[in-house]
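One structure, pasted below without further comment.
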Amino acid sequence: MTSAPGPSSLPYTFLGPEGTFTESALLQVPGAGAAKRVPSSNAASALAMVRSGQAFAAMLPIENSIEGGVPATLDAISAGTQLRILHEVVVPVSFVLVARAGVALADITAVGTHPHAWAQTRDWFGEHLPHAIHVPANSTAAAAHELLAGGSAFQGAVCAPLVAEQTGLTILAAGIEDNVGAVTRFVLVGLPGTLPEPTGADKTTLAIPLPKDHPGALMAILEQFASRGVNLSRIESRPTGKYLGHYVFSVDVDGHIHDARVADALRGLHRVSPDMLFLGSYPRADKQPPLIRAYNSDTAFAESGLWVDGLLGLGPV
Amino acid sequence: MTSAPGPSSLPYTFLGPEGTFTESALLQVPGAGAAKRVPSSNAASALAMVRSGQAFAAMLPIENSIEGGVPATLDAISAGTQLRILHEVVVPVSFVLVARAGVALADITAVGTHPHAWAQTRDWFGEHLPHAIHVPANSTAAAAHELLAGGSAFQGAVCAPLVAEQTGLTILAAGIEDNVGAVTRFVLVGLPGTLPEPTGADKTTLAIPLPKDHPGALMAILEQFASRGVNLSRIESRPTGKYLGHYVFSVDVDGHIHDARVADALRGLHRVSPDMLFLGSYPRADKQPPLIRAYNSDTAFAESGLWVDGLLGLGPV
Amino acid sequence: MTSAPGPSSLPYTFLGPEGTFTESALLQVPGAGAAKRVPSSNAASALAMVRSGQAFAAMLPIENSIEGGVPATLDAISAGTQLRILHEVVVPVSFVLVARAGVALADITAVGTHPHAWAQTRDWFGEHLPHAIHVPANSTAAAAHELLAGGSAFQGAVCAPLVAEQTGLTILAAGIEDNVGAVTRFVLVGLPGTLPEPTGADKTTLAIPLPKDHPGALMAILEQFASRGVNLSRIESRPTGKYLGHYVFSVDVDGHIHDARVADALRGLHRVSPDMLFLGSYPRADKQPPLIRAYNSDTAFAESGLWVDGLLGLGPV
Amino acid sequence: MTSAPGPSSLPYTFLGPEGTFTESALLQVPGAGAAKRVPSSNAASALAMVRSGQAFAAMLPIENSIEGGVPATLDAISAGTQLRILHEVVVPVSFVLVARAGVALADITAVGTHPHAWAQTRDWFGEHLPHAIHVPANSTAAAAHELLAGGSAFQGAVCAPLVAEQTGLTILAAGIEDNVGAVTRFVLVGLPGTLPEPTGADKTTLAIPLPKDHPGALMAILEQFASRGVNLSRIESRPTGKYLGHYVFSVDVDGHIHDARVADALRGLHRVSPDMLFLGSYPRADKQPPLIRAYNSDTAFAESGLWVDGLLGLGPV
């Protein structure tokens, strides 16, 4: 199987509208450019399409998003029937200033865009268009489309490069973001089924309810990882909302559930926190393989299993 | 000293505009209601006012904010000269639908508000005003003020109860949020100086760069807490942006730096991660005292210090 | 099978001579009283008889022995072809003063016994026979037999109650040990084969070479136990003699290798220390069952295994 | 001060009799060769002389002793008023076969020595004097002195080289031990007072009662060491005899209580186990300095202390 399967008969969905960074992320998935792509208005409705079989998979922001939705994404994946993260995509957060044909930079007195995009281009506008006012929009793409449609209260829009390309609006300035080098991380979410194959540079995402709120509880969870040499690349405690002081740990670990050390850590975690969720094993966007010590390799796990089997009389000594 | 000092000569600032949940949070600080309050357009500029001595302290969202700014808040506190969190406030996320006098619910065809507030009231509008369209605004308060000013493209606005009170707009419906019981957490940030006094139910916030990215590094940090019985109430790994795989752990722990166990854990952490930041010890909003075992009490620390001093010939055996 | 099988065709051996505490321990093994029992002069030769098939099993002191041999026992078990501890026996360390018929306490001017037994009855003799001198013997039983044979340089012997019974010597005083309540622990060692069945109150003995001598190495070993909730009832670091700073950890843990948590900890340990030795799972002498939390039960291990199998597509989800 | 002070007015004592390995160990202490040396018959009486001021210090075996006394040594140090280990000495376990002048190897039909020394020279005698019988003695030195006195039931004695030198008996064979390279470790024990000065290659000995018998208790103790980078060079669980399942951990750690990391670990341990005993910091016999990471150095501890003091307003920030 490929790492991002998609039957031609089902569309992809994504956090819309069209032309946002999320659609840029989806276009990085092999095959998605040629597939049908349906925008959804929020993470929950995107995942509802997946759960009901109307979409093959949904692309959603998971970290540092410009247009929001990140906590909503994790919550929406965790609530309801099981889903799996199939793919991770990292997109540079880079903005362009677009206008209709014939409009020059000096003509712009009002700029439409999402409040977060406006906040992240304040330095550029302070220098180049200090008198321009901001007209808020629901998304960067929405501002561009409003501009394209004509009659908008602004002459320029701040959006992702993709929407400029899609609409044919003129790019007056590119790379206008204040924080150069920032990225947003997105995930493609589908139904459980065949897992993406291990690539040697994979990530596994888990949601682990903390069994009890005491000084040792987090250590008890972490020693399940440490005792198998599984490295955490992200950890976040999130209140569950159930009652005061009750947390879920949302973690990414290096490796695939098909790696013996990850599977063994999951066995240990499931005992300590039986309501934990496995949210998927999938290729890392950065393709960086983890450093695995020999005693945490699949071979070491296999040998130790055989050794104990021998002691138990279940196989050759 | 009081737990929220504020010289009358200096104003407070907050993530504006006026009437947002952030100003509601600020009004919970003793004395802030009578003090001058200056809105800032983002976390960085609010903190610049504090750092430059133009404001006594800044109220900023730190978790689950409706109108954004949370990652920006932590980053802005950590960057630049040292600041301290002085106070924590928790505000229920509850929305009202407001209109000008004489406008009835049935008259509303368009609703102005921040995109996130719109996302969190979709169920209510789906049931009560299914045909209303959304007009995005930079904040919930901005929408209300636009409505008040007249000539807006919408007849209703979704905002915090405070702004309804401040503007005198009519509340057509209250408690319209889909997720009843949600809260946002805010912090009051000031200059280092006299620490808020311990209350017995305190919180300490730290930013701890991870020394090395290997399976044991997080454990090495956590054992500094565990060996002193210090409980973590929040942990979040955040990429530093410096280079791939480099993280800062943003953590809240139970207790005050004046508690011996917290001070001792800080000593241990500073050795392991010398660039760590102490962002403040301050009263918990929920006033819940932690459960401290006798051997982690101030008395136990004092006794063990005397015992070792005696062995070292530094005091009575 | 029974917990201490022994084909009638093969004798037991024990650290001799006859009548020592070690033979008392052997007589507690079901069936050993009726079996042939051959004394060995030291642990190595006793185990050589077992390894070569001349004896079914050997009883040897393992802790707090009067007549020595304890470090030798652990070393002799670990060196050479694999052996297994089959049974644990605890014997009270209680001494009697014996003499030939017709000899009274007042007649005794010299006392024969092993130097360690003499050391442990000094208070009694100081009070009751302050002028008696000590004549050293190779074992407590040897002194008694020398007395029985006649012509010895002493009129009384200090020995175990068993040898008084075996020889028919007169007991002049019983319970003369200074440290009342002391016990010695013995183990019955045989060839690998069928393991003693789990009884619910078992012990597992391991010899674990320390992989590297650094501050975390012992923790790395212990977290393999802790992450499965396996309690250590004895730990001892022993220099291996191979080179400076190289250690073997000799440990007893609560539970049987047929307990899932113990088997799983062994799998983890074998990865970290591949030269580790499994020295047996056998019933505890004190019959005290360990306290096992529900999440470390066999059921919890089985469920977590099925859960991961389901995720891996190896079984029902 | 020197590392082994000894006022001329007070003698040393040691586990006697004269000429044992223990006296050899004592002679390695600077100044002890010229000082008065009094043999004691067991560890408890040797330490009683120290506690009562009759002896300056006592040399006792602590590990792998030929003539016993090791568990007794640790127990005798721990019981009663506080004592301190001042010095560690390692002595090779090497035996000689001695006889009176004119006696040849072929003349020997019986050999006097301590049972443990006999056990450790069996191979040599099996090869060179297969028909010689063993006559037990209370110590290796006692056998030699009996031989010297004349009229003994044996013609040869197995003893330490020192006793041959002291008695002038003829050495018929040297290095007759089966296990070449074995060593015994001894400690010099005195009253608390001035601690031996740190040398950079020191050892600290502790006795730590286990607070509770559960899977995490040992980890709780070890994390006090690990969180300060203190390495254990020896660990041994010893039943306290108070009640079933109650243990004391006897440990040696690398470093001196004047090293900040050791002192800080002791503070943490004292909280967790308030009845722990500090048995001394003293130079290592092998003079091997430990590997200390920069963040566990005295400088790192001092800097972290100043940093927290600054935060607490107790010093410069």
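The first chain written gets the first letter, and so on, giving A, B, C and D; residue counts start at 1 in each chain.
Assume a residue touches a chain if its C-beta (ideal position, glycine included) is under 8 Å from a C-beta of that chain, and two chains touch if they have at least 3 such contacts.
Listed by chain with UniProt protein names: A, B, C, D = Prephenate dehydratase.
Quick caveat, the model's predicted, so the values are computed rather than measured.
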Other chains in touch with both chain C and chain D: none
Same vs different contact residues, chain A with chain B, by half of numbers used: same
Superposing rotation of chain B relative to chain D, computed on C-alpha atoms, to nearest 5°: 180
Mean-CA-position distance for chain D and chain A (Å): 61
Separation of mean Cα positions, chain B and chain A [Å, integer]: 25
Chain D, residues touching no fewer than two other chains: 216, 223, 226
Which chain pairs touch, all of them: A-B, A-C, B-D, C-D
Chain D residues touching chain B - in the complex, by the definition given at the top: 192, 194-195, 223-224, 226-228, 257-258, 263, 266-268, 270-272, 274, 278, 295-296, 300-301, 303-305, 307-308, 311-313, 317
Residues of chain B touching chain A in the complex: 42, 64, 67-68, 71-72, 114-116, 118-119, 122, 134, 136-139, 142, 181-182, 213-216, 218-219, 222-223, 225-226, 229-237, 241, 244-245, 249, 286, 288, 291
